[in-house]
Amino acid sequence: MSSNFSTGLELLVMGMLVVFAVLVLLMYIMKIMSAIVNRARSEANQENKQPLQGVQIVSTAYTSEEELAAVAAVMSKVLPKKGIPVRLNIIEVKN
Amino acid sequence: MLESIQELITTTGFSCLTWQQGLMILVSFILIYLAVVKEYEPLLLLPIAFGVLLTNLPLAGLMAEPEEGKVGGLIYYLYQGVKLGIYPPLIFLGVGAMTDFGPLIANPKSILLGAAAQLGIFIAFLGAILLGFDLKEAASIGIIGGADGPTAIFLTSRLAPHLLGAIAIAAYSYMALIPIIQPPIMKLLTTKKERQIVMEQLRPVSKTEKILFPIIVTVVGTLILPDAGPLLGSLMFGNLLRESGVTERLNKTAQNELINIITIFLGLSVGATAKAEVFLTPQTLGIIFMGLFAFAFSTVGGVLFGKIMCKLSGGKINPLIGAAGVSAVPMAARVVQKVGAEEKPGNFLLMHAMGPNVAGVIGSAVAAGVLLARLG
Amino acid sequence: MLESIQELITTTGFSCLTWQQGLMILVSFILIYLAVVKEYEPLLLLPIAFGVLLTNLPLAGLMAEPEEGKVGGLIYYLYQGVKLGIYPPLIFLGVGAMTDFGPLIANPKSILLGAAAQLGIFIAFLGAILLGFDLKEAASIGIIGGADGPTAIFLTSRLAPHLLGAIAIAAYSYMALIPIIQPPIMKLLTTKKERQIVMEQLRPVSKTEKILFPIIVTVVGTLILPDAGPLLGSLMFGNLLRESGVTERLNKTAQNELINIITIFLGLSVGATAKAEVFLTPQTLGIIFMGLFAFAFSTVGGVLFGKIMCKLSGGKINPLIGAAGVSAVPMAARVVQKVGAEEKPGNFLLMHAMGPNVAGVIGSAVAAGVLLARLG
Amino acid sequence: MSSNFSTGLELLVMGMLVVFAVLVLLMYIMKIMSAIVNRARSEANQENKQPLQGVQIVSTAYTSEEELAAVAAVMSKVLPKKGIPVRLNIIEVKN
Amino acid sequence: MLESIQELITTTGFSCLTWQQGLMILVSFILIYLAVVKEYEPLLLLPIAFGVLLTNLPLAGLMAEPEEGKVGGLIYYLYQGVKLGIYPPLIFLGVGAMTDFGPLIANPKSILLGAAAQLGIFIAFLGAILLGFDLKEAASIGIIGGADGPTAIFLTSRLAPHLLGAIAIAAYSYMALIPIIQPPIMKLLTTKKERQIVMEQLRPVSKTEKILFPIIVTVVGTLILPDAGPLLGSLMFGNLLRESGVTERLNKTAQNELINIITIFLGLSVGATAKAEVFLTPQTLGIIFMGLFAFAFSTVGGVLFGKIMCKLSGGKINPLIGAAGVSAVPMAARVVQKVGAEEKPGNFLLMHAMGPNVAGVIGSAVAAGVLLARLG
Amino acid sequence: MSSNFSTGLELLVMGMLVVFAVLVLLMYIMKIMSAIVNRARSEANQENKQPLQGVQIVSTAYTSEEELAAVAAVMSKVLPKKGIPVRLNIIEVKN
């Protein structure tokens, strides 16, 4: 077990390192990707396509559509109305 | 005639019901109660509970292996999809199709919280070793802290299939208990001021970014950690079906009928591994204990890293959202929203918590990959 | 070149079509006609009929077993789900999700009619023995009297798979003929006065009772008769998905896409077992004859027990509802309604017939369990 | 075959006995269950939850929704209207 | 510890990524681009592309065969459905359920165009032999000219499974390119006057004819050419589910959830056969070249036969509709409509092109049967 | 390869022959079938059932319902309105 414990300790350190390594790398690649995409877009058409604005929430697993609809209705009152279409993917908030 | 009746009586289940099986039947009733009345992740816990029930009714043979000239039981065949590692990636396919990674793309830094919140996996792994579990068992127990059912089942089916029942039950139960487990830890580790931080609205994310994201994650994740490939690949394939906009038929089926069918098969057969003789051991208590431990430390990891990011960002990041990094989508993000709104009514943290929340799914898959690579 | 054409001609199906196969193709046409025009249980009879057609087109090899270096035929693989006993319980899962046991819970006594109406199973079992069938074959023939397709297919696949085609065809055909088979028997065994009995309205059934019901049936049924476990367990699991109220996604998929997919596979492959050489035997005539016999005696059993209950209850129970105990849900209950309303317009027996009707499903599964326990 | 016949006879008797035994047992357990549940309910809340009233029919396998809807419409006229919501799971009646 | 990190680094995919795999990953990106941006048959090309990506990420083992004590990869198991010839007929079941053969029944002569447009299959078969492919490979390449994905995959899985990836990619890509490939050929082979021919309206087709049609095609087709049975039989069974009017549940599931699930599994696993070592060969270039050749000659065959029919009918048949005989339903028929309407605005050829179009599906299945009978 | 080539040539000829043979046979059987069916129908009821009229187009694989609906709407204006119900299974025409 003592050998197991040292393996465990090693995996604890190394595991967290690898998880961070992969996710940090992903973070930078995501940033680069977004930068490229958004520069390309803003160059190509500065006012052509109106991006979806504002709240980007996630509609997730196992959520009934009625719940979504209900929350969407509430949210639409809460959000600032600038006359711009807002797309809502809502997570319902349970109490 | 009388003999025949006598024979039949000796072949009833009653006559050979052990007290352990009786106890397991009670356990299944409790699980059904938790699923139906308490609504603890009922979509999985109810099938699991029914699997526990069926497998412990003596002689019914639903998990019986095929023998010379005799076919196996129904759940034995359904179980092959778990054993061969088929169901969890297919569930992930559906989860990918249901998940919007937009909040993560809008705020890439939040992916780090999804990394930090894997802490509980490795802490509980160490803890389980101390409790005397062997390495493979300990890794399977640790993964409970990933707060991701399919990931936990996938890893356990590869490393310690005899613990599947207990680990799946622990994982889904604690996921359902997130609203009870997390808030005290979140409050303990943060100041009131931190919890009241209002975050900037997220930028909009373009369709192109959403389409590129799953491809990038698949390539980068799998190139670095090939063992994370099956989970990451299927999660991201499902997401690509969703975001591409040209495969709506497949997207709809992946996130509805396919995942539902697989969920029924997976739940029943994972539950059916919990036979009395393997479930009623001190190990199960250890698993239940270490599972809670894992959830707690994952939360701690996420929140503490949230505090670091809060500091580094000059107070722009509310550390509460770190708690969502455990995944348990979207339950953990809701908890963040609720705790945040309690401290400061109207503070809408939900969308900010979704970034770490979905990152936590990726983080857990990567952590599972590390464990598989070393111990598989 | 000419050789090549000649070779091709000798490998056409025409050149080696036997008259028996030709006859079976005609049989398949008749079955298609019955399914499409007469609407005899078309959801199963049409796939079965097409399976009969495909399996009797020579050389097409759709039921071919795999050989060294050569894969098997499509339907051979689909058939594995029948052979291994996987499809019938999955169909039962969907049936459970579609069935409301409320009327049975409201009137528990009506479960006895579902027991009595299994009489035909055992009578036809005895009859088939007299016709020279061996015990396993006779049991498979008797189960036709259970008026339950999945139960009949499940038992036959375990006891006498070579009779699958004939038994499934007989079972579904007679189910469709219930409106013709039952009324004369019902009228013969009851007096006009009995048929005119108006029954009291059923009490409402609470959600809690509906949720507890499937759990109780699973536990009690399987403990007493473990061999009934696969059928009862899956039927009741489907029902629990329905009644729990917390697994709507799974309930919907179980009673729609899952059962539909399995129905296609089951029908095709059960039909495909009816190859000319096994179907065109005197045995098939015996099966068709004894199947009718079984249906008739199940009806007799149900109605006679209905008369007993009528007497014992002081005329409060209309004995017609006993006929619904054969199951064949909901056809038999409709027949009761129709016969009752003919005698006394406005007499609404339908809901009272649903109790024995759904009880008949349980009764047949139990009867199948008895036969499996003794002969399996 | 004579031995088969006696087995058959035996199974006829025993089979029916077992079927009745299981179903009679189920009947009593159902009665007990309902008694407990309903007593618990009536104790807990005597007028809190209004149970669904009246007709409890089964909507069963392979029935089209349109048919159900049609029959439900007819039924709603037939049934006594006491101002209490009635839930109908209808079996359509074929002629 | 350091060793451990070092070990992990050596087990990353990066460290053993070959340039060939890198190239294949690029190929998968191109395919994803074609599927998502250019919308080249995305329902199949996107899963195929993702399969190509996953299979070429080193060490992820998604296509790994099971070994002693180690389970196989996810896609390896999904691939069994291709290898055993299960998926393509099930896809055809759904296609049959989606297809209305009415236009063909209304104009039976148009079936000949569906025969003539198989020319490319056999021409490309000959061409592939000249390029040095062996007979089985050449047949699999030729079938690309059938413009029918499931048929191509079915035949290739039986004759030359190592070419599956390349052939499926070529088949679906060229199907998407039909609007570019066909019009020049159509215009080259026809006069302006021919292209302006307006055809008589089709007669109505009764339900009875539509129900009899699939039964007739199954029986006749399979009796003459048993090897065409699996494809024709499942296509026609699906169509019977559609037209019978009594199996709407099954029809709906066949053309939606079932085909969607199978499409995901089929696409992923066909793509996953395209490993660098088998894909990056001169053979693939040959396949891509001969595939185009096959499509072109199928179009030529259809249009030329259309001209013959035009002559024989005294100018009543617009030869353009011959191009639709390649199948690629409904893309090729749309192309006919478009080219026809360009020459004579308002000329509505679409419904006339649908006859040859759906006939082309039958024609390709028959052609595949011929190739299987001789080479299988 | 030369033997392969001759096999290929042979299969080219024979393959096309068989394909034509099967489809020509199907054509004649279809004609016979339609003749029988339609004679039977016209004998049985000359004006009882009004067959669906006119355009018989195919609604095929992988087509969104919205597209179908849109095209159907357009088509309904194009077609001659004779007061007879026209059933449209449309293929959308892409540009």
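All chains are identified by letter, namely A, B, C, D, E and F, in their written order; residue positions are counted from 1 within each chain.
Just so we're on the same page, a contact is a pair of C-beta atoms (placed from the backbone, for glycine too) under 8 Å apart; a residue touches a chain by one contact, two chains touch by 3 or more.
Not measured: the values here are computed from a predicted model.
Identification of common neighbours of subunit C and subunit F yields E.
For the pairs A-E and B-C, the larger set of C-beta contacts lies at B-C. Each chain's centre was taken as the mean of its CA atoms, and the one lying most distant from subunit C is A. Distance between subunit B and subunit C, defined via averaged C-alpha coordinates, is recorded as 39 Å.
Our note on geometry: subunit C versus subunit D, Cα centroid distance of 19 Å, whole angstroms. Averaging C-alpha coordinates per chain places the centre of subunit A 49 Å away from that of subunit F. Residues of subunit C found to touch two or more other chains are 4, 8, 43, 224-225, 249, 257, 370, 374. Residues of subunit D found to touch two or more other chains are 14, 18, 62. Every pair of chains meeting the contact definition is listed here: A-B, A-E, B-C, B-D, B-E, C-D, C-E, C-F, E-F. Within the complex formed with subunit C, the subunit E residues making contact are 83-86, 89, 93, 158, 211, 215, 218-219, 222-227, 229-230, 233-234, 237, 240-241, 244-247, 249-250, 252-254, 257-258, 370, 373-374.
Across the interface of their complex, subunit E is touched by residues 1, 4-5, 7-9, 11-12, 14-16, 18-31, 33-34, 37-38, 41, 51-63, 78, 89, 91-95 of subunit F. Within the complex formed with subunit C, the subunit F residues making contact are 10, 13-14, 17-18. On the subunit B side of its complex with subunit D, the touching residues are 1, 4-5, 8. For subunit B in complex with subunit C, the touching residues are 4, 8, 11-14, 17, 25, 29, 32, 35-36, 39, 42-43, 46-47, 50, 53-54, 57-62, 66, 71-74, 77-78, 256-257, 260-261, 263-264, 268.
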